[in-house]
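You will see two complexes here that share subunit A, one where it goes with subunit B and one where it goes with subunit C.
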Partner chain A sequence: MIEILSDTALATVQDLGRTGALNWGVGTSGAMDPLALAAGNILLGNGAGAAAIEVQVFPFLVRFAEPCAFALTGADCAASLDGRPLLPWCSAEAAAGQILRLGLPAAATWRASRAYLCLAGGIDVPAVLGSRSTQLRGAFGGHDGRALRQGDRLAAVAPGAGQRPTGLGAVPPAFCLPLSQDGLPAIRVLPAAEYDRYTAASRAAFWGEPWRITPQSDRYGYRLAGPTLTPSAPIELRSHGIVPGVIQVPHGGQPIVQMRDAQPSGGYPKIGTIIEADLWRLGQAPIGSRLRFVETDWETALAARDANEAWLANLARLADLRRIAT
Partner chain B sequence: MTSITLLGTTALLFDAPGETDLPTQQRIWALAREVETWPEVREAVPGMNNLMLVFARAPRHLAALEARLRDAWDAAVPLPREGRLVELPVTYGGDAGPHLADVVAHTGLTVDAIVALHTAPDYPVFALGSHPGYCYLGGMDPRITTPRRKVPVLSIPGGAVSIGGSQTGVSASTGPSGWNTIGSTTMCFFDPTRDPPALLRPGDTIRFRAERVIR
Partner chain C sequence: MSLPAADIARLAAWLAQTDLAALDLRGPGVHLRLHHVAGTVTEVEEPPPVTVITAPSVGHFLAAHPLHDHPLAPIGTRVAAGQAIALLRVGPLLLPVTAPCPAIVVDVIAAPGAAVGYGTPLIALHPLTD
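What follows is the complex of A and B.
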């Protein structure tokens, strides 16, 4: 059991997302950085579907009411346990009464905005419609269907002292799988249905100019600021299914990237879609930061997926070796 | 022409040709029932005369899947669905419909004419989407077609009755929307503890009744 001590906002329980409920209008939710969540679960020996706390406002403090193994991944936020510094992307064990503190994400190591606190066995909340992820719009899933508040108490599925080896770490994907273009973080995009209906100048600007993540950005979507994207003729579409990563262009010409809490359908024109393998990069991109979109193709996109999976598989292999050796 | 386009590596979008109508949607339902049995497809999600196929895992070779999809569409025959009729009392205009004036401005019609046109049809539920329990409806009179808003509104209350392009619908919960809110109603469209969790499903019908019109 842990208790949320900070007067926090916007922290939610997330797993890898809800599948199978799109036909009821229920979006996927899930971790904004699924690679960090998956790595945290691997470090702890949790199942791939285990839920964790996604933290996006700092500082964030919790007290452990009982001994429990945990792992921290995502942003490097100078974490400490009762004041003792913890390495980022590492598993550790807390004793009863100890206080874990996550500070502001450090920009010096790698720029990221969300941290994941994984507990042994995962966060013990009921699965709703097949997932433990918080569905904020529908107010279900996660912890009472809402963001965590000061005083909330959450149980781990498998608490206890010495239950599993800790002290295992990973080199973050920001170092192992870096991607940049002309000095800015790069995000790979496949053109979408309405791409060809934008003017040549707009298409060139889409790839050529940097995009800034505006403060009106959250788990639902990122509103970007940059050159105005103009279709050759006005576009009105019938509503259709969309997915996290779709880059829509409302009539104003400034794109919106749909993120994890995005609705599962929409009708704005789509200029492109971020490949699934790069969604974690955008999920970690801080508000105010800039990025570039890079055009990619199907083969490169699948190779990127394979690279992510190989990175996770290698981490899982090392974690298994560690458990065997312990 | 049917079109098949990519939604990144996550999904394919199939769009049927022609004007939006119920017989085409019935073929979309039939297509969804077929493709959701394919191992490459995790979910088949109907939209308005279109279908999203979410990959179980993005396949190496897209061309074969796209060819099968076209063949399945050619073979699909309309799948009729008998459903329930649900009548919703609506307050049009005023605080309940802050964008009704925009529909007036765009269409050049009076408030009374817009309400009359909006309450006239029985609207078949084509698909669910947008947010939990939300229904996409067919059958809106094209005379009240109004473009989606230039900038989406950050929060529209549950029960909001709205027009987006050539479509109309009712918000099932509070959230952002790019549609024009013309009125409001009260109805619980979604409960995750129910089975099924959504009140309505494709094939059901909604009828709007003007309970009050604020001019």
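What follows is the complex of A and C.
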């Protein structure tokens, strides 16, 4: 059992997402950085579907009411347990009464914006429609269907002292799976249905110019600032189904990337879709940072997904071997 | 008290034929430490002036966490028992190298990024008795 001590905002319980319910109009939710969440669960020996707390406003403090193994991944936020520094991307065990503090994300070698707190066995909340992720629009899933508040108490599935070997760490995927273009972080994009209806100059600028993440960016979507994207002729569409990663272009010509809490339908034209394997990169990109879009194809998108899965499988294999050895 | 010379010679001969960098034998009143470099085995006299922390696994030695630009425990750092003083990278996995007792770091022996084997000396500590 942990208790949220900070007067926090926007921290939510998330797992890998509520897939398979878009046809009922239920968005996917889920971790903005699924690789960090999955790595945290691997470091604890949790199942892949275990839920964690996604933290995006700092500082964030919790008190452990009982001994419990935990792992921290995602943004490096100078975490400490009762004042003693913790390594990022590492598992550890808290004793009853200890206070875990996540400070402001540091930016020594990898700028990131979201941290994940995984507990042994996962956060014990009921699965709704096959997922423990918080569905904020529908106000269900996660912890009472809402963001966490001061005083909330959350249970771990497998608490207790010495239940899990701890101390294992992971090299963040930003180092193992780096991607950049012309000195900026890169995100791979498939041209989408209305791509060809933009002017040649707009299409060239879409790939060629950097995009800045504006403060109007959250779990629902990221508004980007850059060159104005202009269609060759006005585009009017009926509302249609959309998924996280879709890059829409409203009339102003500045794109919006739909993220995990996006509504499942929309009517803006779509110039591209960020491949699923790269959504974690955008999910961690801080407000104000810049990035580039790189054109890719279906085969590369699938290979990128395989590379992510291979990285996780290798981490899981080595972590299991290490747990057997200790 | 020490081991019979014949036993030490037998252990040294055995160690010389392996890929291991060191042999550390401890029992009641007995402490034998043999270092092995390219077929040559030498006995390290006790008591050692410093505690040498050796690699707990095969891997790559990291003095700093990949997310940090400062070493975990540069020379002169006072460290607590159990504190991570370096890391071993094994593929995507990171294993902490911890201080066994309160100590001051007197030398960082391994080069950052160097491939190390089980038992390779990594960091020298001067144990503190307080």
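Note that the second predicted complex is superposed on the first by the 326 of 326 C-alpha atoms of A that agree within 3 Å, B and C clash if a C-alpha of one lies under 4 Å from a C-alpha of the other, contacts with A are read in each partner's own complex, and residues count from 1 in each chain.
Keep this in mind: a residue touches a chain if its C-beta (ideal position, glycine included) is under 8 Å from a C-beta of that chain, and two chains touch if they have at least 3 such contacts.
From a predicted model like this one, the values you see are computed outputs, not experimental measurements.
Colleague: Taking subunit A as the common reference for superposition, should the pair subunit B and subunit C be classed as clashing or as fitting?
Modeller: When both complexes are placed onto subunit A, subunit B and subunit C end up side by side without any clash.
Colleague: For A:Ala319, is the partner it touches subunit B (first), subunit C (second), both, or none of the two (neither)?
Modeller: After superposing on A, A:Ala319 lies in contact with subunit C but is clear of subunit B.
Colleague: Using the superposition on chain A described above, determine whether A:Ala193 touches subunit B (first), subunit C (second), both, or neither.
Modeller: first
Colleague: Would you check which partner chain A:Leu87 touches, where first means subunit B only, second means subunit C only, and both and neither mean what they say?
Modeller: It touches subunit C, and subunit B stays clear.
Colleague: State whether A:Val128 touches subunit B only (first), subunit C only (second), both chains, or neither.
Modeller: Only subunit B; A:Val128 stays clear of subunit C.
Colleague: Answer with first, second, both or neither: which of subunit B and subunit C does A:Ala301 touch in the superposed model?
Modeller: first
Colleague: Per the overlay, which chain contacts more subunit A residues, subunit B or subunit C?
Modeller: B
Colleague: Thinking of the overlay built on chain A, is A:Gly167 touched by subunit B (first), by subunit C (second), by both, or by neither?
Modeller: Only subunit C; A:Gly167 stays clear of subunit B.
Colleague: Looking at the overlay, does A:Gly288 come into contact with subunit B only (first), subunit C only (second), both, or neither?
Modeller: neither
Colleague: In the superposition described above, what is the shortest C-alpha distance between subunit B and subunit C in Å? Please give a whole number.
Modeller: 25
Colleague: Taking the contacts subunit A makes with subunit B in one complex and with subunit C in the other, which residues are shared?
Modeller: none
Colleague: Can you tell me which positions in subunit A touch subunit C when the two form their complex?
Modeller: Spelled out, the residues of subunit A in touch with subunit C are 76, 87-90, 106, 108-110, 167-173, 175-176, 311, 314-315, 318-319, 322.
Colleague: Within the complex, which stretch of subunit B touches subunit A?
Modeller: Within the complex, subunit B touches subunit A at residues 3, 5-11, 13, 15, 20, 42-43, 45-52, 54, 58, 60, 62, 127-134, 136, 147-152, 164-167, 172-173, 175-176, 178, 190, 192, 196-198.
Colleague: Could you pull out which subunit C residues touch subunit A in their complex?
Modeller: Residue list for subunit C touching subunit A: 57, 65-70, 84, 87, 89-96, 98.
Colleague: Contact residues on subunit A for subunit B in the complex?
Modeller: Of all residues in subunit A, those touching subunit B are 19-27, 128-129, 135, 137-141, 189-193, 220, 234, 236-246, 250-252, 256, 263-268, 270, 273-277, 298, 301-302, 305.
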